[in-house]
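Common to both upcoming complexes is chain A, partnered first by chain B, then by chain C.
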Partner chain A sequence: MRNHSIRWLVVLALVIFGMGVFTSTAPAKDIIFMDLSDYTGPVAGLALPGSMGTEDYLKYINNKGGVEGLKIKYMGIDTRYDVARAISAFKRQRRNKQVVAVGIVSTPVGKMMQALTKKEKLVVHVPGDGEFQAHPGNFFTWGPVYQDAFAATIDWIMDDWEKKGESGKPKVAVLSWDNAYGREMLRGGKEYAEMKGAQLLPSELFPTGTLKHDVYLTRLDKAGANYVYVGGVDPVQTNVMRDATALGLTEKIQFISDYWGPTALGISLHPKALEGMVVVSFFLRGQEAFDHPLLKELWTTVRKQPMDKFNEGYGIGVGAGINLVGAVTDTVKRVGKNKVTREEVHNSYLRLTGLDRQGLAGRCTYSPTRRAGADVVKFYKVTGGKIVPITDWVQTPDAVSMHKWK
Partner chain B sequence: MTNFLQLLLLGLLEGGLYAMVAAAVVLVYKSTHVVSLAHGQLMAYGALAFWFALSVLKLPFILALVVALIFLAITGWFIERLAMRPLIGQPLFAAFLTTFAVFLMGDGIFQLILKGESNSFAKYLPGGMTSVIGVPLPTTQLVSFGVCLALFSGLAIFFRRTKFGLGMRATAEDHQLAQSTGITVRAIFSSIWILSAMVATIAGIALANVMDIYFPLPYVGIKGLIVALVGGLESLPGALLAGLILGILENISAGYLDPIVGGGVKEVAAYVLLLFILLVKPYGLLGLVRIERI
Partner chain C sequence: MKGYRRHNWVIFFILGLLAFGMWGCAAFQPKPTAQLEVIPNETALTPALLKKPVMFKGSGYAPNEMVIVDLMIPKGVKIKSVSEDEESVGVAFANADENGNFQAKMGATATLNWFFQVGWTPNIKPVFKEATPLPPGEYEIRATGAESDKFGLATLTLVPPPKKE
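On to the complex of A and B.
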């Protein structure tokens, strides 16, 4: 009996010892970036190239051996700008500990995910919702938040108005999607515009699937709009300009696009209609993007596509990929590659202040108090069928803090 | 006043587009009594085929149109042969659901082809602005409205003057009677799907000329169905009338009510009109009132 017990104790000790050896020598498991993207639907024009950018950048890093041998796998899911699809996809992977960060393109999905994950330290990449800057948590925006970009545009408008020698207040209107994204820029942006002396006209908001914008445009014309800030994801801006040109409004009104359009594609479809449109952007556009060495390399060697099929939205995804790799690198340095958890990656995101994105966008501004990915934007103008820069990087004002957040 | 006139004329032109989409739905219903949702997709694929022939294959305009029409005629025949014919004699609801399935399947493929981008005929067809009685109107919409009028005239001649058209009308009246007069009802069914697919192609091209080939394009087909219901499912003149009414109603109501209610009126106008018409004229504006003898 005694011999029997001793035998069992020896076996148990060997098992425990074996487990210890096994764990200490086991290779670190790959980690996953889950991209709840929209390969189809209203924002696919932006989401698809953006997702390609992140996927290709992660592949590029993995091909070079990963982060200290740790590979970051890309898991892309098409959510079609549909909150239910996105949440369902997230819930299927929620317990998967390999998922250390999530990407979201849709602002409405972001709002829902915020409620779902507010107690978790899971990094979520989102486009530019200012609410996440107002209440810093686990959501990180790609660039400056929408209201800050709108505020920078108001500054540009006031300068332009003065340069034109116009008197009185410029009349500015927002023409955008009738959803959480479409209104976001005004939460703080409205207060900033009023403070700077611009006259904000009632916004014209339309559903995402709208094909014609004549009614909204004729109303803005009647209201005497001087500047119209157009939201939506291209080809929305392109379609708005197509309709505005057909109604003869582009000669009276200066149209300005928010971040998400037009790309080289939109310009190639309606070059005449888009002529003169100003675009505010936190990522490189036009020839600047086409000529960027990293984008060029990734697009042609990882994506294996010719440059004439390149979309500038690709750079957004590459920028987000650089952030993720930067954070994982920091995590590995701090805790070792076997202890890369969601919480640690989240902690690393808060330390990314100043990360260089190779000129694709401004330097990263994530910090313990800041969730906006950058604080600079650039203004471009469609000229001669091309999108050319008209300013250098300019600092975005802080419009978020001007809004009374609940 | 100019603003009202502009909204009215823009609505009229937009209504012509809805009428064309509805025409395809009416054609199928006239002969088969099937309410089709699939035509939203046929319309979108028609526009896509035309764009492909025009800008990728670089064919001349007429040839590109012929290619698109042939491609969609084959597609229409294919749908009838594979999805609709096995349902002859089955409840009409099953056929309706089958067209819905075709719509969903077509939509998935359409979205995958587009990949979030859009395509346009802007480079190939006339654009810009034309002034009509002092009101600036998009040239593309004027052209598309002209196509609409030509299409309805052509269909009127086809159904009144050609043997085949008369055969289709006879089949619509009574399948058995038509069969007894020597009309091959199955051939008529196939032909009507081919014809309606070709009409949907023309509607799709006219629509895409104004709105581009963009992901919501097939969903205009849903509006076409509403127009067909409002006009009376068997009536082509009803489709034209209802389309024009809807276009005007949408633009005028959105133009004047949006600022009061905060927007979105254009999107609900069609459904309000449908509800109203179904309440006061359940068979539609020019639909056939069926009296059942007991």
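On to the complex of A and C.
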């Protein structure tokens, strides 16, 4: 009897010890997408809808049983656009092997994450720096990189210039934030514009948070700008157009927004200011986005929100979610659902070439040599308070390869 | 009766094991393996911190590694946008030099977000009306090497801002 008790105690002790030891090393059932986003900070207006899109798409897939039963959990961190916060949060999860991909929304965070993860095959979703395409590694941009979208805009400008019957070279300038993002589009974009015969004026760069742009706009006017490419995250474009309208410049200069420009919601609030602005976009905007079956279904049934609260930035996140699910599906097919590792998911991202994003963006273009998420953009124009397409999807030129990268 | 006593003994044994485990975890908390200094180590939360931010200096880290500085969140203190299961929030970072020394200062965004806890306008302007500043008190600061996991600890004391005359 005494021996029996001792045996029982030994078993119990082993169970307790085992609980401590093995809970930390048990094989993971689910995998995690860690989103270092901005829900309440300076760029929340754009980042939050995108994050919602990824979260909802992953929920949608999980609700349908996941990928062969494997669930992809969404782990959202509100970084408030702060690099230190993002890096610290990432470090806590760095050795968590369940985290197979990370999303970030800021260029400076991207630079730091690049330094931290350069030896790892961990997929990182990033906005649009061409540097990640120039030096292919573990960073994957959501759509075409900034310089390729700018180059497509140069094509549109040259075409527009010709249609208007103008002679000589069109004078083109960039008006954007004075930071790495504000300069990125010209790293290759400048070379492309010159090659196509556009005359690039010196950029006008202003600090983030600038509310009045009269000084910069007046200088561009004096320099004879015909086209101004406006960078920044809306409401930057709205503020620029408000000031340009007040200065009477929208009559003689065509303003074009990069892809973080005004959405239908912003346009509905400031229709007069934005009238006539052209917007280059790698994701659907306006009615095209509102009518998209998948976006509509996710927004109303997973997010459970009415369509009048919908923001087209949601589509960016859904697109990123489709990429992730596509990669995990490929990984499961190749190695089985119990062997889904960061490295295997990374390898699958390189095999996503041609993945269909249900028309909410162009087909995926990730490959062993390509980290840009798409190679097409669409041009829209603000007309009568609505944002309407003025082209179909058009091919983006490869401006990245024209730049001499260090 | 005998069986009842035996069960009691077993329960005590299990509780003892658990207590030992918990004591063990606390007793074996790793000690700092690097040095850290907060400059200044006592300050009031005033807008002057935006011009002259809190700095961190450390040594004993691996050469050239990234060092991440965290403010450990005391129990009962809520930081805007940081969930309750997070024990810290990153406030600064820097790369150590070839001798393992680093120096980092808090960026304006970090000071605004984590010390003042301001709101933001879509035009990227801080909204001080929505600020919920960290309460005065002692805050543990931890600077960790991203590769070596070496860490240093220091204390930052926040004192109440001077009263307006």
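Note that the second predicted complex is superposed on the first by the 378 of 406 C-alpha atoms of A that agree within 3 Å, B and C clash if a C-alpha of one lies under 4 Å from a C-alpha of the other, contacts with A are read in each partner's own complex, and residues count from 1 in each chain.
Here is the rule we go by: a contact is a pair of C-beta atoms (placed from the backbone, for glycine too) under 8 Å apart; a residue touches a chain by one contact, two chains touch by 3 or more.
Not measured: the values here are computed from a predicted model.
Asker: Clash or fit: chain B against chain C, after overlaying the two structures on chain A?
Answerer: clash
Asker: Once chain A of both complexes is superposed, is A:Arg219 in touch with chain B (first), chain C (second), both, or neither?
Answerer: first
Asker: Touching A:Leu116 in the superposition: chain B (first), chain C (second), both, neither?
Answerer: In the superposition, A:Leu116 touches chain C alone.
Asker: Using the touch definition from the top, say if A:Gly209 reaches chain B (first), chain C (second), both or neither.
Answerer: Both chain B and chain C are touched by A:Gly209.
Asker: Touching A:Pro235, do we find chain B (first), chain C (second), both, or neither?
Answerer: The answer is both, since A:Pro235 touches chain B and chain C.
Asker: Going by the contact rule set out at the top, does A:Asp82 touch chain B (first), chain C (second), both, or neither?
Answerer: Second partner only, chain C.
Asker: Output check: A:Asn347 vs chain B and chain C. Expected answer is one of first, second, both, neither. What do you get?
Answerer: neither
Asker: Scan A:Lys91 for contacts with chain B and chain C and give back first, second, both or neither.
Answerer: After superposition on chain A, A:Lys91 lies in contact with chain C alone.
Asker: Can A:Gly41 be said to touch chain B (first), chain C (second), both, or neither?
Answerer: The answer is both, since A:Gly41 touches chain B and chain C.
Asker: For chain B, which of the listed stretches 44-52, 98-106, 188-196 or 260-268 runs into chain C?
Answerer: The segment of chain B occupying space taken by chain C is 98-106.
Asker: So which bits of chain A does chain B touch that chain C touches too?
Answerer: Dual-contact residues (chain A): 39-45, 80, 209, 211, 235, 239.
Asker: Quick check: in the complex, which residue numbers of chain C touch chain A?
Answerer: Per the stated touch rule, the residues are 6, 10, 13-14, 17-18, 21, 66, 68-70, 80-82, 86, 88-93, 95, 106-107, 109-110, 113-114, 119-120, 122-125, 144, 146.
Asker: Given the complex with chain B, which residues does chain A contribute to the contact?
Answerer: Interface residues on chain A, with respect to chain B: 38-48, 80, 178, 202, 204-207, 209-212, 214-215, 218-219, 222, 235, 238-239, 242-243, 245-248, 265-266, 269-270, 272-273.
Asker: In the complex of these two chains, what residues of chain A are touching chain C?
Answerer: Those residues of chain A that touch chain C are 5, 8-9, 12-13, 16, 20, 39-45, 78, 80-89, 91-92, 94, 112, 115-116, 208-209, 211, 234-236, 239.
Asker: Under the definition above, what is the set of chain B residues touching chain A in their complex?
Answerer: By the definition above, chain B touches chain A via 3, 6-7, 10, 14, 108, 111-112, 114-120, 122-123, 127-129, 136-141, 210-212, 214-217, 219-220, 251, 254-255, 258-259, 263-264, 266-267.
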